[in-house]
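Look at the two complexes coming up: chain A is in both, with chain B in one and chain C in the other.
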Partner chain A sequence: MHMFAILARLAWRNLWRNHRRTFIMLAAIVLGSWAMIFMTALMRGMVTEVIKDGISALPGHVQVHHPKYRDDPSVANLIPIPDSEMSAKFAAAGLKGWASRVRVPAVITSEYDSRGVTLLGIDPERERGLTFIDYDEIDGRFLESVDDPGIVIGRKLARTLETEIGKRIVIMSQDPDNEIADRGFRVVGLFTANVTAFEEAFVFAGKSTTQKMLRIGDRTSELFAVGDDYRNVDAVYSQVTELVDAGVEVKSWFELDAYLGTMLKVMDGFLLVWVIVIFLALSFGLVNTLVMAVFERVREIGLMLALGMKPRNILGQIIIESLMLLTIGLVIGTALAWLAVQPIKEGIDVSIVAEGMDMWGMSSVLYPELLLRDVILANVVVLVLGFFASLSPAWRAAHYEPVEAITKV
Partner chain B sequence: MNLVFRLAWRNLWRHSKRTWLTTGAMIFSNVLLIFMIGLQFGMYDLMIDNTLQTLTGHVQIQAPGYKDDQKMRQSVADVAGLASSLRTELGSDRVAARGAAFALVSSEDRSYGIAVLGVEPEYEGNVSTIPGLIKEGRFVNGPDAAEIVIGAALARNLRIGLGQELTLLGSGRDGSFAAAVVTVVGIFDSGVADFDRSFAEIPLRFFQDMFYMDGAGHQVVLTATAIDDVPELQRRVAELLPAGEELVVHDWDALQPGLKQAIRADMSSAFFMYGILVILVAFSVLNTQLMSVLERTHEFGIVLALGLTPGRLGRLVLLETAIMGMLGLLIGALLGAILTAYLGVNGFAYPGMEELAAKFNLPARFFPELTLPTLLAGPLVVFGFTILSALYPALRLHRLHPVEAMRAV
Partner chain C sequence: MNSLRHTVRRFPACRTSGWSALMAGFAAIGVLTVAAQAGEPDATSIVRDAVNHWRGVSSDSVMTMVIHRPDWERSMTMRAWTKGDKKSLVRVLEPRKDRGNGTLTDDNNMWSYSPKINRVIKIPSSMMGQSWMGSDFSNNDVARADDIIDQYDHSILSVTEAEGITIYEIESVPHEEAAVVWGREVLQIREDHVVISHRFYDQDGELVKQLTSLEIGEMGGRLVALRQRMAKVEAEDEWTEIQLDSIEYDVDLKDSLFTLSNLRNPRD
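Presenting the complex of A and B:
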């Protein structure tokens, strides 16, 4: 331990002998680690937004369906358990959030035009805050109960259909016997969505109203449940599995949407690649600095060896010097990255490329997300790889022949 | 000049390790830049091509407002006649007329609301890949045959196969009830289930009869031979439009505004990363050149005392840097070209990329593009920054006093 203190002191002093070189290298490390962490925060934020938007559109962390529903989302493939029975069980289970809904393809017709949409028969109270609909941002009003006779459609769809609040539209779908099931609705509200495609894709009606229209009694198409964290849905998944029988399919969000699921994995891999690439770009300068530092100290290293300092202590001294340099750089870089994130925490507006972001499945506000584990990852990767990069110059220094080294000019 | 060059060359190899480490940093980032930029632009081209080729085409003639609202009555009169006269005038077959409407398609068991496109069977294949994606049966033929081609996912959901009949229900241009019975003659498969589920194609004349279009349609789709020829095509088409009719000519960017923006969003994050990489290399060069100038203070003092001007010394340092930069550029470009060319032939895959790629109509393997711009852009910027970062050490020489410098050890 005593030896370590001496080596550390030597390393520290050596570091500042050529302060210009140290400062330039430090600047490079600071910039590199800043870029690593800042970029990681932006990307994380981007992916989190995509996944959250995706989950609010699915919606939920875990969904229950008829086994055939996902390939054939029709009224023929309803969950075989009556809704009241299922609701009673779920209400008693104390889940954070859950709702069951009817979800069928339908055609919406105004006096001017018609479009294909997905009709959602929902329980508005249960779903509050769980889906992409913000109840307070509705023009007009949102649905008030499962028996609400009105319908809420997207603002974009309303424009296409040339309809507005208070006007009537007709929804056409089919009942389980393949008879046309239709009903007139009065438009009571218009919703806005982050992803504009949703405004054309979904229309909302009361669950009971929809069940009556489709003549499906007390049955629903899907049930979804929400847990605390989208990254860890195991608890919710097993809870839901216990509440339903074997005759249904229970899937988590990353199985339901392969794009979202892989996105998370690919991003984790990509961030590691990014950190390593930056490190490699830095490593050339780092090794260079150490090679030079060793080179100009050949004579004193020879002297120390001749005086009886063990080679492994020389090795240690160089490595400590390198790690000190890296640590200072990393601390400053991390701090700057943290500072850089602060003013944009509330979101950066990237709406100039809004439709492009739409295409990537993102909204036009970007929220950086600085995760502790990403900061640790970047720092640990740099320190560990930095250690290995310093081995070669340090090894050379430790294995000088004392006499040759001392006499070297 | 020859002498100065030889001097510079020898100076570089005084510390061959240092020179190689600095050059190594350049080579590393050059190879990475060539590969990444090649990959990026290869991907963008594919994204554009694959998105536009399926249905959109490069240029479309539409009625004003149709692009945003897509209403039935925003139509182009005598659309087939317009397309045929454009084919003659332009001397190109890559022109096809279309009509578009929404309809409820019903089989024995199921009904779905989808878009129904009326197409010219003999020309559609020139502007769209759908006729080529027929996996079962054939494309519609005969201008007014009661035939339909549908996507594989839709066929599965409708539980229908070749030769069976579908009922189409919709509303005509005048708002009246439109209905027809058609036979499924072909099934296409684009690989994206949601896309395949969203539309079906019937012959244009049949479409016009069914929806009471009176010879009108909604778009004339044109493709250029290359994406760069689009502005020229758009201009010529605009000139050829019949006088007195209100029509507009949109290019692909107007038709798919998300595409360019998605590319722009991706580009800006990529350029941020490249920028960091280049600056890190610049730091590496700055460090090396500053060191090399500082350790030569003594000898620079002597040559200054002998009458050499600081300006010439500065040019010597810049020449050294330029030689080093040139080495990095040439070796980097060579290795980068080899790597990119190899992957350009064999393709490159990243685990999990398949699902992400499918969302943007991209194949699972990527083939980076190797052109002169993608090859040279990165290395030239690196070279520029290399020279830039040597300016400080070179200019520092002007502050050197011969006598003091000679005293320096």
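Presenting the complex of A and C:
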């Protein structure tokens, strides 16, 4: 311990002997670690938004369908359990959030145009806050009950169809016998979505109204449940599995949308790669600095060896020097990254490039997400790899031949 | 095709006189009074009579459809059979390359057959709004023209007289839940049940498209529209005309005529 104190003091003093070189190296480490952490926070934020948007469009963390529904999402493949029976079970189970809905492809027609859409027959009270629809941001009003005779469509769709609140449109779909099922609806509200593609893809009507139109009685196409954390859905999954009978398919969101699920996994791997790449660039500077420090002090090291200092202490001294340099750099870099995130915590408006972001299913506000584990990852990776990088110059210094070293010119 | 025939029959030619145009502006109530005084039938029965008039119990007809666009025009000759208010079959006779193409309707459902691919296709609901055989009529126009009777509230807008014939102008407003996109439709029907024009208005009251009967005459023992034109108001140079070449009413048609197998393999 005593030896360590001496070594540490020696290392500390050596560090500031050539302070200009140390500062340059520090600047590099600070910049590098700042970039690692700050950029990670941005990327995390981006991915989280995409995933949350994706989950709210699915919607839910776990979904229940007829086994064939996902291959053929038609009205023929309804959940083979009456909705009222299922609802009673789910209501008693105390889930955080759940809802059942009718979801069928349909055609919406106005006087001037028609479009293919997905018709959602929903229970508006039950779905509040679970989907991408913000009930308070609706023009006009949102649906009020499962029997609501009106329909809510996207703002963009309304423009395409040249219709507006208060006008009637016709929804056409098919009933389970392949007969045409259609009905006129009055548009009661227009919704806005972060992802404008949703505004053209979905229309919302009351669940009972839709069931009546499609002549499917007390049946629905899907049921979804939401848990506390989208990263961990095992609890909800097993709960839902217990509630439904055999003969239905229960899937979690990362199976339902494999792209989203993969994205989350790839992100973790990608961050490690990103941190290592930045470190590699840093390591050249670090090794170079240490090698220079060793070269400058060949005679001094030789003297210490001649006086009886053990080679492993020389090794330790150089490594401590390197770790000190890295630690100072990392502390400053991490602090700067944290500071940089503060002013943009409320989200960065990237609406200038909103159209491009839209194509990726991203919303136009970016919320950086600084996770403790990402910060730790970056710091640990730099320290551990820094340790290994400094081994080589340290090893060289420890193995000088004292006589040769002292006499070296 | 039912509707086609419907349409065909439904909209007798309209030589709208300035008179009726003038009268069209009258408030419905005032007009209703006039109608009541004259002891006229109510609006719904006028429409129903008109529909029954062109529908008959059954019919067998040959018609020519001309589709006109700014840079091209084509015409097709077709034979059509109808029975009751639900069943109809249309088969293309000319031009040669389209010969054998057929459309069968049965109670709002529609199937089409093309000998080139030798397949009967049920027209899915998603395509019911699309054009029928490339014309200005939609599949819906063809398959479900009957809806006009029971899916609307009818009222008489005006009663006028031209060349000694009384013309009723009737406003039809679709029921709240009817699968109809129009805000209202206005029909001009003569007292002899011939429909002169059928105008479709959007929900702002703008005229979108209209079907007019260009020629009225007697054929098959009835007074019917011999030539009708469907045109969108926005595109003046785009229209579809249907000319009745021959028609026979109340013919004896077997139910087997209106089957998928007959659509595919004609046995007539």
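As a working rule, the second predicted complex is superposed on the first by the 409 of 409 C-alpha atoms of A that agree within 3 Å, B and C clash if a C-alpha of one lies under 4 Å from a C-alpha of the other, contacts with A are read in each partner's own complex, and residues count from 1 in each chain.
The working rule: contacts are C-beta pairs under 8 Å (C-beta built on N, C-alpha and C of every residue); 3 or more make two chains touch, one makes a residue touch a chain.
All figures in this text were calculated on a predicted structure; none of them were measured in a lab.
Participant: Aligned on chain A, chain B and chain C: do they clash or fit?
Facilitator: Clash.
Participant: If you stack the two complexes on chain A, which partner ends up touching A:347: first (chain B), second (chain C), both, or neither?
Facilitator: After superposing on A, A:347 lies clear of both chain B and chain C.
Participant: Check whether A:176 is in contact with chain B, with chain C, with both or with neither, and answer first, second, both or neither.
Facilitator: neither
Participant: With both complexes overlaid on chain A, does A:402 touch chain B (first), chain C (second), both or neither?
Facilitator: neither
Participant: Output check: A:140 vs chain B and chain C. Expected answer is one of first, second, both, neither. What do you get?
Facilitator: neither
Participant: Looking at the overlay, does A:168 come into contact with chain B only (first), chain C only (second), both, or neither?
Facilitator: So A:168 only meets chain C here.
Participant: Which partner chains sit in contact with A:109 here, chain B, chain C, both or neither? Use first/second/both/neither.
Facilitator: Touch status of A:109: both partners.
Participant: For the superposed three-chain model, which listed region of chain C (25-33, 79-87 or 115-123) is the one that clashes with chain B?
Facilitator: 115-123
Participant: So chain A touches chain B in one structure and chain C in the other; where do those two contact lists coincide?
Facilitator: Residues 105-107, 109, 111-112, 114, 116, 172-174, 178, 180, which sit in both footprints.
Participant: Tell me, which parts of chain A touch chain C in their complex?
Facilitator: Touch list, chain A to chain C: 105-107, 109-112, 114, 116, 149, 163, 167-174, 178-186.
Participant: Which positions of chain A touch chain B when the two form their complex?
Facilitator: Listed in rising order, the residues of chain A that touch chain B are 18, 20-21, 24-25, 27-28, 31-32, 35, 39, 42-43, 71-74, 76, 105-109, 111-117, 159-160, 162, 172-174, 178, 180, 258-259, 261-263, 265-266, 269, 274, 277-278, 280-282, 284-285, 287-289, 291-292, 295-296, 350, 352-361.
Participant: Given the complex with chain A, which residues does chain C contribute to the contact?
Facilitator: My answer: residues 108-109, 122, 124-126, 128-129, 174-183, 200, 202-203, 208.
Participant: Please output the residues of chain B touching chain A within their complex, sorted ascending.
Facilitator: Answer in residue numbers: 15, 17-18, 21-22, 24-25, 28-29, 32, 69-72, 102-104, 106, 108-115, 156-157, 170-171, 175, 198, 257-266, 269, 272-273, 276-277, 279-281, 283-284, 286-288, 290-291, 294-295, 350-356, 358-360.
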